[in-house]
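One structure coming up, written as structure tokens, with questions to follow.
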Amino acid sequence: MSVLITTSIITAIGVFLAALLTLAERFLLDYGICKITINGDKIYQVRGGNHLLGSLQEQDIFIPSACGGRGSCGLCKVKVLEGGGPLLPTETPYLTKEEIENHTRLACQVKVRNDIEILIPEELFSIREYEAKVVNFKDLTYDIKLISLQLKGDETIDFVAGQYVQLKIPVYGNIKEEVYRAYSIASPESNKKQIDLIIRRVPKGIATTYIFDYLKKGDTIFFNGPYGDFYLRDSQREIIYIAGGSGLAPIKSMLHKMIEEGIDRKATFFFGCVSGRDLYFVEEMKSFEEKLPNFKFIPALSNPNPEDNWLGETGLITEVVDRHISSDGDYEAYLCGSPGMINASIKVLRSKGIPEELIFYDKF
Amino acid sequence: MKQTPELDRIQELMQPGVISKDGFLGNDTRNLTDILADDQRIVTNLGFTHQELANAMEELTEVGKKAFGNPVLVRGFLEVTVDSSKGKMASPFGGLFDKENVVVVNKKTGESIRWTTLNIHMIRDHGFYEGKGSYFRVEPEDLVRVLELYVG
Amino acid sequence: MYINPIVIFFASIFTSNIVLTNFLGMCSYLAISRDLKSSWGLGQAVIFVMTITTILNYLVYKYILVPAELEYLRYIVFIIVVAAFVQLLEMVLERFMPGLYYTLGIFLPLITVNCAILGVALFMVIREYTFIQSLAYGAGGGIGWALAIVALAGIREKVDETKIPKGLQGPGFALIVTGIMAMAFIGLSGIANIQ
């Protein structure tokens, strides 16, 4: 008899606590339907309890993010005006003082627990996810590839020359979660069915290892976009393009635009490489020179090998730019390349009297 | 040895395929807290601080960076090459860093050592040199020997 | 003999410190004492959980186990109560105090298995404390534990910068420091004694 009582009392305590926890979970962790108000006018209804980034993605609003929402890239910044809760220690390493003051948060860390009001750049509304087939795969140099993606079905993409898209790298090998990586579009904006990307291999990189070693012609891949405010400004100034490595991509797209729209502004494209094996698209650039009478392509090798038989410009790209442009011209500059190259180029351009607001760049 | 949940979370981010393809730990099975403690000891025994090693690395990186991928000779015998890749690299401890691979060859001995901008940050701010067997592990002894750093 | 709760409170911090006199809760004490910030986070969580679970366990013991003559089951029941409470606390914090949840919350699961929490509940039974005494003992025990771990972390942060013989590094050295700290605390035993 006492055995029964003992068992039942212990069971009762256990059941009571389990029931308490279940109830708590039901009521405490259920946030019901929450409203997300974006930019004051668009209202979305979502199920509470999830992270803002994912909740927005369900509504087809894509905030740029490279890590897939793990709080390790710090890109998915949005302004949360109301209902975001306190700033979390997982966010602070990615935010500057000003950002904290103007209520910037990481969308992947903020949970939708109640009605929430946020501000995002208007152009993010035109960003969509696209499904595409790899129709072309070409080696441009020993470590740079061109891939062409054709949109499936009757989908089309509207972008401005110079913008970029984010490729979704699926789970492969020992990679457990999807990641996104940004690549500039190299093809003309008039082609809304197919985009070209120029990709340079990153040593031990998650995304480029997939693209170089796993992806094949005919495969399906997803990307979202277009993003970015790097595009050709409307003016009559002389254009200076400076690029290195895969930074040629957005410049190429801009040159296509100039040909197609008959923009015959004076333009010079300085393309910096180490040696002959890094050069690519020289023929295309030559044909651009024929179609655009005021356009000049100046490739520069900083360290040519004897077998390159190099007769063109030599020296660091900054030295070549310094030699070619005058200090009294009316210039506008577009730069794409590594942060080191861009910073050094800006210095040279500034020394030539080009104001900072006329220097546009896309830093890697 | 047990460690804080915070270090557990960071160690989770260091696994292969989370932030980087091969992870930050190589084939090291120790807990992060032990890796940090062991390297701290090694560096102290060498007579340096993390700060000093990171400064030496950063100094060479800054010089090499100015040559956009070309080798530069520093102190007469160190050949420094810095190669930039597109994109930013996330640190498991938080923060984003330029993707820059640095290779330094000691012309006197022919030995070389490699690191990234992220390594410099992780060494300076967290005393983390990556796990044994990791591709980007910076072995403190090798660093001191190849760069010919002297105490004091 | 009835001991004043205020005496119990201070005694459990200084003279009957759960770590330094009973050596309970050692594993997280040794593991999380490498830096001040984490140890203070864990210390706060222990103070909070220890105070509340001691009271809860007092009530469960007095009003369920004693009337049913099931005192011998207290080990199991106490652990279940602590585990369930920590779970519940995690949910409540996540919902209502997300900021606190992220600073304290990551330490909560670690506390469920901290034997100092169970130890305090069991001492409370052995010493036949009343409700108020248990409250004082739970709060004091938690503060005492936090004091010990923060002190150890402070010492270890300093010591980390010096050279220690290989065999003594890590837990070995921490235990020696703990022993010296325990001896130092004996010096306070004139204040009050409850054991």
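We just call them A, B and C in the order they show up, numbering each chain from 1.
What we mean here is this: a contact is a pair of C-beta atoms (placed from the backbone, for glycine too) under 8 Å apart; a residue touches a chain by one contact, two chains touch by 3 or more.
Source: prediction; values computed, not measured.
Chain contacts in this assembly form a complete graph, since each chain touches every other chain.
Looking at A-B and A-C, the interface holding more C-beta pairs in contact is that of A-B.
Averaged C-alpha coordinates put the centre of chain B at 39 Å from the centre of chain C.
Chain A and chain B have CA centres that are 27 Å apart.
Each chain gets one centre point, the mean of its Cα atoms, and the points for chain A and chain C are 49 Å apart. Contacts with at least two other chains are made by residues 90 of chain A.
Interface residues of chain C, counted against chain B in their complex, comprise 27-28, 30-32, 34, 38, 42, 106-107, 109-110, 160-163, 169-171.
Looking at the complex, you find that chain A touches chain C at residues 5-6, 9-10, 13-14, 17-18, 20-21, 24-25, 28-29, 85-90, 111, 113. By the touch rule above, chain A contacts chain B in their complex via residues 66-67, 70, 72-74, 90, 93-94, 173-177, 181-183, 200, 202-207, 209, 244-246, 272, 274, 302-303, 316-317, 337-341, 344, 364. On the side of chain C, the complex with chain A involves touching residues 60, 64, 68, 70, 73, 76-77, 80-81, 84, 87-88, 91-92, 94-95, 98-99, 102-103. Here chain B touches chain C in the complex through residues 1-6, 9, 33-34, 37, 40-41, 44-45, going by the rule given at the top.
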